[in-house]
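One chain, chain A, appears in both complexes that follow, with chain B as partner in the first and chain C in the second.
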Partner chain A sequence: MQREKWKDFRLYVITAEANHPGRSLVDVMERTLIGGAQIVQLRNKTGSRAEVLEQARSLRALTRKYGVPFIINDYPDIVLETDADGVHLGQEDLPIGEARRLLGPDRMIGISTHSLDQALKAEREGADYIGVGPVYPTDTKPGRKAVTTSYVTEAARHVTIPFVAIGGITLGNVDRVLDAGARRICAVSAIVGSEDPAAACRSFLSRIEAADAAQAAKTITVNGREERTTAATVEELVRQLGQQNKQLVVELDGLIVQRALWAGTELKDGASVELVHFVGGG
Partner chain B sequence: MAEPFGTAWGDRYSRQIRFAPIGEAGQRELAGASVLIVGVGALGAALAQHMVRAGVGEVRLVDRDFVEASNLQRQTLFDEADAMAALPKAVAAASKLRAINGDVRVEARVADVNEANAAELADGARLVLDGTDNAATRLLLSDVCFRARIPFIYGGVAGAQGMSAALLPGETSCLRCLIGDADEGGDTCDTVGVLAPAVEFIASLQAAEALKWLTGNKDAMRRTWLSADLWSFRLRESAMPGGRADCPHCGAAETLPESAAAGAGGRPEEEISSAALCGRDTVQVTLGKPLPLDRLEQELRSRGCELTVNRYLIRARLGSGETLVLFPDGRALVQGTADAAHAVRLCEAYVLGRKLPV
Partner chain C sequence: MIDAFEQDPLIIAGRELRSRFLFGTGRFPSPAVLQQALEASGAEVITFAVRRVNLESAEDDSVLQHFDGKRMAYLPNTSGARTAEEALRIARLAREAGLGNWIKVEISGDVRTLLPDPIETLRATEQLAREGFVVLPYTSDDPMLCRRLEEAGAAAVMPGGSPIGTGLGLLNPYNLGLIAEQAGVPVIVDAGIGSPKDAAEAMELGADGILANTPVAKAQDPVRMARAFKLAIEAGRLARLAGRIPKKKYASASSDLAGSLYEPAAAGRGGGAG
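After this line comes the complex of A and B, so read on.
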């Protein structure tokens, strides 16, 4: 198991067969993997244990083919039986400590939380990640009151283990969730209910990447004008400004930066940069 | 050399000597110093006047070009007669400078500064003043100066803008480390024009640093890169970084081995090379052997070319519209084309006596 590596996930996908009548579970989930899903959770609250076991076996084989962690909602015993990578618990399911005792130290344990108190408790009890939601009202969990993006912002500030925003997230509102501080997104019906789950995954991932870039942006002063930039170094800034083939004198906070050092010179928030074309007449 | 403090001319440098940081001692330093000025166009002519009037003992001028009417708006040493005679700039400047101050040894070289001759030209100079009009020559001079541990005082102008910095071996970065090798061709005087006051402003900054260095006032030197725009009036100074450790010129590596330092070295005899002069509709063709101007004059005249001839060059207007300017050192400036191959073909036809390819 490589639990550490899984923490890098950004897009978490959960099954919801009711959202894709006429298409098989494995087909739809394979489309999400092709689109870049980074964790797959089997969630089946209505089927028999035997049915869940059979689906788990199929999805275990499928996710292994794509090298993606496979989580089962509830059923720690099926996790063990199918060699899944972890279990996802609800607040009313068995306690984290009990799940850890059953699954051992190497499998992932995730838990849904609906408040910061629950989040911090889960963290203390040894959860590997938490769900934060439902951010918006959702048919997947009818009747549960939405926690809104304010809980996402709280989680971003206070929770140290990975958290994934979930609940009613669509391409129409994901930017707001990301703006609120989420770095990991889980969508259910917006993906598996989509005509093209692979394309939906790709769209979510590109929104997540764009949010990364925007968060990396800083405000600097370029030739006396304030600008937002994502450039990490002087070299990147020069490139973004399309000046890389020009003979330039570059000053950063009062000191000229030699050409060979542009790539290794970090641009910090608030930096003041002057780019001047080398004047060559005489 | 005449005694600079002789009776009749005892006052000559009095105002400069009275300036305390220079004094008698500084003036003696100047009289014993030799400087190289590369390029005697607008910046170079102004720099040369500053150095000669200040009483620098020896001033070496190098320039590849000749005086034309379009120079007179800003190149303060030249007049209409120089342009009409198409005198080489180094020669025309030297005669004016000698008239200004007969105590100064003024040496004029009509030559292109390149990898083969740059080190020899700088040999013995206490500093090199930049009067060039292109980045490539400046980078070459920076390399040579850092190798020889001679200060190189950069100045550049275009439009109403200018920049200047003293590049000091052992203290500051070299020019190559600052701006790199990349060159997409920036603004030049020939593309955006140039204002005489911008030239004089930058030349004055260079000359002030030169006087500090030459009179032993190194600590007073301005250790910044200065950029100026005289039109919008904006001045900016940026601190100069020190040498870059892994640079062979300004870094810890003291010097390059001589073979590497010589770069391409001398050009093989008879090999023709060419370089378009940026923004000027002119190509410089190096023919790789001396040109017999007397014989060429007769040949070109017999081919119906309109000629301007002096001791230093022949200018020939060709029937096809271009102008060839031939120097005895084996160079030709081909005006009226930016096409290097075309310029080489013209030189082959008119100078080397080869047939024009069909």
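After this line comes the complex of A and C, so read on.
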């Protein structure tokens, strides 16, 4: 695993065998990888250490095949033993500092947080990422009070390490979570409990991408008309507007942008753009 | 005689033009008619306007596509501008299109008459000339103003005969004559021309060229009218060069009276009982 590349993940999937009776853990998790899962966590709170170790070995082999980071909930020792990429901790598990001593500087340490205080503390203590949730009540963690999307918004504002929203997230509510400011989503039962985990992953990813596009969108004025656009540059805007085949001159905020500079000219929110050309006249 | 005409080029900012017709490209019934009319006109300078593109259409509806490959002098105008600043902006946009640095300054603050705003026109001319444009201002037919425009760096002055598109012809031939007489740069009569006779008249008054659009584009047969204008402009120019006779109050016979078979009629014969 490339140490920094993992930070690009958008969809984090956690095992939950109870959600797919009759289907094997490896089969279901392979389906999520086919669907585009970008981190896989093994979470088994009820099995014996031996059982967890065996599952960890299988999933390590599987995730390596797909080039996806593999995290184990708890069990830093199994992380080392199976050469997993990191550990995920709960608030009641061993402290981050302890886990870091056990795992060394290169493995990832993630921790579940339920408040901004916990999030900032985790950040200070050297966590690589945090879980933010449960956003909605979830059977995966019964009895835990939902933190709602307001904590997601707080985290988006104040947390600088990657955070992943988790807890009761489904295709039915993921848009609200993304709207609240989440960029990374973790779903458990909505994916592994689905008839088609690959399709579920793809659906989540497309919702995440759509949110990206919506967030990237800015309001600009084109020829006196307000427009929403995701175009990052003048070149992209001209193309998005279908005007690329015209001999036109572009003015951005009152200044002409020479054609050669279109691709390198950034379009900012609130920009005013004029696209002009020549028409008949005397 | 056509050869003589060709040896008498109109020179604007160092560019030699064999035609003294500046051709407006607006309001033609179709691109095909526009192209044929342009061909028939013999014009080497075409004018056009700068406008926002139609975002609803992906098709290239620019007027320029109809002139590909033709060796033309392009004269974009600043129509739509109400102030010097607006004209400057349009001029800079036009120059960015890469078709040269000629600009027809056209600034109007009045939608009904479209008459040029003299103050703004002068300001824009000064600034654009400073920025290296070849400036051809559309101006009122005021000799003093034309002089000031020339001093400000205009490459030609373009007084109107009458308001744009009216076809009223030359409302103040006296002024146009004065402007032509004094100008050190070419004088192009622009706007208000109704028919070829107006163009010929302007040329005889001493104009160096004619800019016309509506009387060609809106004629029943624009192609034929374009040719009529070409001929009238040539005729007017030749007449100017040839030197017309002075106007007289009374007749003078074309043949000498000596050897006439009859005595001349009594001059100034009074009527009634004498």
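Definition applied: the second predicted complex is superposed on the first by the 278 of 282 C-alpha atoms of A that agree within 3 Å, B and C clash if a C-alpha of one lies under 4 Å from a C-alpha of the other, contacts with A are read in each partner's own complex, and residues count from 1 in each chain.
Please note the rule applied: a contact is a pair of C-beta atoms (placed from the backbone, for glycine too) under 8 Å apart; a residue touches a chain by one contact, two chains touch by 3 or more.
Predicted model only: the values in this text are computed from it and were never measured.
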Combined model on chain A: chain C and chain B, fit or clash: clash
Touching partner for A:G22 - first (chain B), second (chain C), both, neither: neither
Partner chain in contact with A:L275 - chain B first, chain C second, else both or neither: second
First, second, both or neither for A:G143, with chain B first and chain C second: neither
First (chain B), second (chain C), both or neither touched by A:P105: neither
First, second, both or neither for A:L248, with chain B first and chain C second: both
Touched partner set for A:I256, first chain B, second chain C, both or neither: both
Which superposed partner A:V222 touches (first chain B, second chain C, both, neither): second
Set intersection of chain A contacts, chain C complex versus chain B complex: 245-249, 251, 254, 256, 258, 274, 276-282
Complex interface listing, chain A residues touching chain C: 222-225, 241-243, 245-249, 251, 254, 256, 258, 274-282
Contact set on chain C toward chain A in their complex: 24-28, 34, 47-53, 55, 58-65, 76-77, 79, 89, 92-94, 96-97, 164, 190-191, 211-214
Residue ranges of chain B touching chain A (in the complex, touch as defined): 39, 41-44, 130-135, 138, 155-158, 161-163, 173, 176-180, 182-184, 186-190, 194, 225, 227, 236, 238-241, 244, 247, 278
Residue ranges of chain A in contact with chain B within the complex: 244-249, 251, 254-261, 274, 276-282
